[in-house]
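Starting off with a structure, shown below.
Going in written order, the chains are labelled A, B, C and D, and every chain counts its residues from 1.
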Amino acid sequence: MDQFLQHLLNGVILGGSYALLGIGLTLIFGIMYVVNFTHGELYSFGAYMVFGVVAALHGNFFVALFLAVALGAVLGAGIERSLLRPLRGTSIDTTMLVMIGAWIAMQNAEQLLWTGVAKAIRHPFPEAPLVIGPVSVSWIRIFVFAAAILLIAASHLLIRRTRLGTAMRATFQDRETAALMGVNIDAIHTVTFAFGSGLAAAAGALLGPVFVVFPTMGDLAALKAFAIVILGGMGNFLGATLGGLILGVVEEMGAGYISSGYRDAMGFLIIIVVLLFRPTGLFARAERVG
Amino acid sequence: MRRWPAWAWVAFLASIPLWVRNQYYLHVLINTGIFAVAAMSLNLLLGYTGQLSLGHVAFFGIGAYTSALVSLGFDLQLAAGYTFVFEPRPVWLGFLAGVAVAGLFGWLIGKLSFRVRGAYFVIVTVSFAEVVKLVALNWVDLTEGPMALNNIPPVTLSLPGLGELTFWKKEPNYYLVLAVCLLSYAVIRRLVQSRAGRAFIALRENEALAESVGVDVTRFLVLAAVISAAIAGAAGGLYAHYIKIVDPDIFLFIYTVVMVIMVVTGGKGTLLGPVVGAVIFGILPEILREVARPEVQWIIYGFIMILIVFFLPEGIVPAAASWRKARAASASPLGAAGERA
Amino acid sequence: MLVVEGLVCRYGKVNAVRELSLRVEEGELVTLIGANGAGKTTTLKAISGLLRPAAGRIVFEGAEIQAASPRAILGRGIAHCPEGRRVFPYLTVQENLEMGSYLRRDPAGAAEDMGRIFRRFPVLEERRRQAAGTLSGGEQQMLAIGRALMSRPRLILFDEPSLGLAPNLVETTFDIIREIRNQGVTVLMVEQNAYAALEMADRSYLIEAGAVALEGRGRELLGNPYVKQAYLGG
Amino acid sequence: MSAPAAVLAVEGVEVRFGGLVALSDLSFIVREGEVASLIGPNGAGKTTAFNVITGFLRPAKGAVRYRESLLNGLRPSQVAERGVVRTFQKTSVFGGIPVFENVLIGLHRRGRAKSWEILLALPRVRQEEKRLREEAMELLSFAGLAHRREEPGAALPYGEQRLLEVAVAMAADPSLLLLDEPVSGMNPSETAGFMKMVEKIRGRGITILLVEHDMRMVMGVSDRVVVLNQGRIIAEGPPAEIQRDPDVIRAYLGQGAKRAGG
């Protein structure tokens, strides 16, 4: 039982960051109909930025986090302007191919820049875990979870409660009519992609210090993000959050009770099962972005 | 592209080992041939049915592992104390088993994704490939995991009158790969120029209209997936018995990307496109190897993919065809009619 | 107020509109009639900036707008109430109306206008927190019209406002459009219900194959034997 | 005088989208060999009825029968197997491939070659292929598109695309052809040409169910007209009667029968 609680706690904590990874992707798919294969690279970009600022520049950890997210958003805006805008209106397959090309190029650029050696990021939190009754959790993980929840809540408010968020949702529901309302569709596209990219970078920046940082870390992250998005239903904001939490818990339970080798297979099995029975996602009826 | 008649091309390809004596060049050509088979198989799904399979390397790897395991034999610890022993079988049987098992997984994927198209199909196939990779890594009993399957026997054929023939050298392997290439090309050509192939194209062009005139789209998508996976499995089998070692890295996503680049560059939905793409991207790395590290090479691949989509979205083969048509039209006093004559 | 000259619009290689010219004077109610695919909707989209014309000029109050963005054109005072109502289905009624005033920088004025729209269409106020997709066809039409009014336009383009509405609602909709015109807003309307479109219009254009085939006072066209034969069912 | 037997029977069909009722209790029949038209305001449920008949939508209640078989529950390709083929309201061709190939795909049902026979290149596969190509040419001539055979479907002008749609549908060997607003967007002379085409199709013994707003077309080619409004039938009868029916005038044709859909 204690072991079960520990796995559950680990799963929820991990799921918080997964949710962060998933909402960025689901937002981009939902509004832009772009399957963002660079999502994983923006994730590892965030992690490397933190590593670079902390290790190479001896910068403050929290400043590094902020910089990573901001630069991730800028990079995302650049990708949108240079690769996606010229292809707007072409088929989803066309943009998919371009995004795959960008993914390969970005990943190997990272490999070239940072080498394949995995790196650990130093963080200012105490090593000794927090023990609550039968379960324990490290301070850095608590911080990551809290930050993820905070970012998700802030994103939710932005999407739900602001004029910009309403315009984003309107664009998602009907691009042409949104243009008729005076929404600058180009700007919304760039901002949305930058926003989703910033969230991906944030996930990487937060999880980098928990795990280690290496150039291909984004591959699994991206694939997991896809699992989360499918689980929650493409474009479904709350669904992605719940999907992230579910994936986190399932992985921890799977690793704990089945085999740690298959931990990473859980997400894909979920994808396959969900698509088999509910192609629109588990939460198709729940509240959606739009 | 095809100034020469088909038999002249075959004769030319068959003559290569007679005048290319450099073993390394032959090795490059064999690799290129294996990739050409894989790219052709991907093209059947991507080019003809319009479904982007981003897990195609899974079928390749399944073919390689199956073929290797059948010819090596393996033991499995089943329940407590009981061990299932599989004796080594002839290589040709392993090869056929590889084709069959890959085809079976193709059927599974086709069935599984009967309701999903586009982005969802892509994600199902990527996920499938990842699961297969993790199984290859973790089912150590069967696959030796990261230790790899070693000493895979080369292809052996016993021909009546010729005795036993074992494919140790480059030359026989070249002919073997060439034969499989030609056979795959013939199978795909026959298929896409038939009623079945038209059903694939109908699915790509307009699914609702296809259904409304009586094309059972799901059935034909499954058929395309099975044949595509089986041919990819054949390529995997060739690879296993030529390289003689198979490890889970065979499932690396990057190999799927290479196949996609080959198909898209050459021209998806054309018969020759994937072959042209495979020749370019089979030989390009050998040129780039001299000047660039692997990472740089991959970065170049990524940029090529982007540039192709931006500037040559149809691919080389269709572009060359329309270029020739335009040139013929301007050169001939009859105008465009000259091309048809 | 609005002058369209030699308008050409293409989708790919297909000319949807070829050399179309028309004009709308301040305070007029002008209608475009013609078969589906004749180019009426394309013309409206070119005016509101959704489509970039291949050739021709569109002049609104003396300024050329054929190259302007929908945003800039809306800013000049042209609102477009698109075909099929196109309310944002997952936004609430109130959010839909807020989208109508997206460009406005006077929150007080916008709020006042929203109040006016709620008074004119009380059913929208009752449902202000409801997702627009759950409204009935008639209610959605009122919301779409209200949303277009939220930008305080001087010219409204209506695209097939009667489409898919029950006949009594069609009458209501046309009454609302007349009312809008009577309050001083100029109206350019595309309508497949040719009889109604001709009857209520000051002037009408008959569009065929992407160009103006006939032009005249609405009632004149009603009596035209060709129009009778081709568009009024004989 | 005995009317020909009913071949298609739509019986008490109800369709819901989410909570919305798009069709409620729709019933009508189509008789052997006739041209029947379904008219009514946009949104009255005509296209929805087409989608139900051809298997693109499943009704919440009711049944669709064609000759001996029950159509509801079948997939579109299975409905086509039974001889019921439709065209689409929005022009729908295989845009990226030549016109000739469009028709060849339409001939899918007339081919019998199995996958393994194709792979073995049996002689009968080759013979069948030759026969299909001849039939495709014949259909293209029928639709007056023979001169366009090598052009991609999407490159054809609007009117010819609509003819191609009909040629593709005819290739599927229908005994009942459903046409969804085939002349919308055509000018009067194109419409007249299409009306001749409908007569030719009917001359081949094919029953036709038509949805159309163009009253000249409807009144010119129909034997019988069914008027739908808000998912229900409000009138049914020969064109001349329908034009005078006060309910139809009020709901669809307009006051004093002057206001017809244009």
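We take it that contacts are C-beta pairs under 8 Å (C-beta built on N, C-alpha and C of every residue); 3 or more make two chains touch, one makes a residue touch a chain.
Since the structure is predicted, the reported quantities are computational estimates derived from the model, not experimental observations.
Chains that touch both chain A and chain D are the following: B, C.
Contact with both chain A and chain B is made by no chain of the assembly.
In terms of the distance between Cα centroids, chain B is separated most widely from C.
In this assembly, the C-alpha centroid of chain B lies 54 Å from the C-alpha centroid of chain C.
Mean C-alpha positions place chain B and chain D at a centre distance of 42 Å. With centres set at the average Cα position, the gap from chain A to chain C is 42 Å.
Averaged C-alpha coordinates put the centre of chain C at 32 Å from the centre of chain D.
Annotation for chain B: no residues touch 2 or more other chains.
Taken as a contact graph, with one node per protein chain and an edge wherever two chains touch, the assembly forms a single closed ring in which every chain touches exactly two others. Pairwise, the chains that touch each other are A-B, A-C, B-D, C-D. Residue ranges of chain D in contact with chain B, taken from their complex: 54-56, 75-78, 80-81, 85-86, 88, 92-97, 101, 104-106, 108-109, 111, 113, 115, 118-119, 121, 125, 128-129, 132, 168-169, 171-172.
Residue ranges of chain D in contact with chain C, taken from their complex: 19, 41-43, 154-155, 157-158, 181, 184-188, 213-216, 219, 229-230, 243, 250-255, 257-262.
By the touch criterion stated above, chain C contacts chain A in their complex at residues 48-50, 69-71, 74-75, 79-80, 82, 86, 88-91, 95, 98-100, 102-103, 147, 151.
Those residues of chain C that touch chain D in the complex are listed here as 12-14, 33-38, 134, 137, 163-167, 192-196, 208-209, 229-234.
Partner chain D is touched in their complex by these residues of chain B: 187, 190-191, 194-196, 198-199, 201-202, 204-206, 208-217, 223.
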